[in-house]
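Below you'll find the structure I mean.
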């Protein structure tokens, strides 16, 4: 997993449009999650998508292990259902903020490599709002029927100590 | 108060321009607040605007009660003056960050429904910076003389425990 | 150091393009920092640039003292090397988020005055992620060979109590 940061090529003028489109994608993505509509979460991915939530150390070491690991939309659907159930028993408010989308490259086949920074805030009953995790998306987007879909989203968090009672998607 | 999230229609291409314009509106709005120019805060609203800061539970239950509740610009002006005074006695630094603006709909009469995520950071004398509240704007914008104005801003916070010594606008 | 906020002139339509360009500049700037490529940090500045990290009180009082103070790219390069070394002995993860870019003015000679809000999150080994500082950039950009460069970046933090073990650039 080479660090995308090392390979930023000069980008065409259309890259700004792409950046804005990905911002809108991410905003829609987190709005669905924050509205607790986690069952809809898989619709942002291709059928063969790869999704992981993992720590920086694992990612740096190219280890594909993490708090959440999904290969293919089937695993995501299973995961979404499990989370929807567990949220009933451990209610909390979650809010994602996503910033600083950055286009890394656009491949010949149209695959877009991008990153973005995220924060996930969590509020438990009778507790103050805390930072559940801070991290960065490393994404691969493809276009299907004119719309962007995620072929890969690696969510790489800095936070080494995470409340893992419920692992909600980021 | 139906959840706006349920009713996202397909939007025309001009929606991106609108999104960028609202981002600029929000950035100007928070810059005024963070510069402690709270007396200017009402100028972002229509004369008949509705403004509330309330918790998610109240908003979900369609209850129009909150930490701050203003119907009309007169109540906002009163509020602004009261806050300006109280800030003299309880000095603190405040900084708002607003992210992820999302256009929900544009009505036939031009009213724009939008949302955005916010964080309000607070720093008291000799204390660390803390998250005062994390929340979401649910807005209705109208256009007057070419400029956007808020006809409604519902600030719905996740944070259940809030330092309410001074309730500054978000 | 007059407060930029007081002097927001009406801006031409091209200001949005400028805002988006500065967003991209800032995103690139923090990506380099967050990837621990601090040696590259000076390349975002002009040779004669001024850089400071200081508290709101100092900045309000027009005092040019701060946690970090650099006049000219030579001082920045020295600083970058020193930081690169100290990071080896005090490892930590850092992540910057930058929001709400605001163009304040464009001078006749093309110098752009702008501001933006930032948060720096810090994660130490075996500790939770914390807010290292919350602040605002006050920037002067100039254009060289078509690219933006910082002629001045004043990083003015709200946070009065900062872990100063390592002062990493913001």
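Read from first to last, the chains carry the letters A, B and C; within each, the first residue is number 1.
Note that in this section contacts are C-beta pairs under 8 Å (C-beta built on N, C-alpha and C of every residue); 3 or more make two chains touch, one makes a residue touch a chain.
Since the model is a prediction, treat every value here as computed from it, not as a measurement.
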Cα superposition angle of chain B on its copy chain C, in degrees to the nearest 5: 120
Same-site or different-site touching of chain A by its copy chain B, using the half cut: different
Whole-Å gap separating chain A and chain B, where each centre is the average of the chain's CA atoms: 27
Contacts with two or more other chains, residues of chain A listed in rising order: 20, 97, 99, 131
Footprint of chain A on chain C - complex, ascending: 20, 24, 26-28, 30-32, 34-35, 37, 93-99, 121, 123, 125-131
Complex contact set, residues of chain C against chain B: 3, 5, 16, 19-20, 56, 97, 99-102, 115, 117, 119, 131, 133-136, 158-161
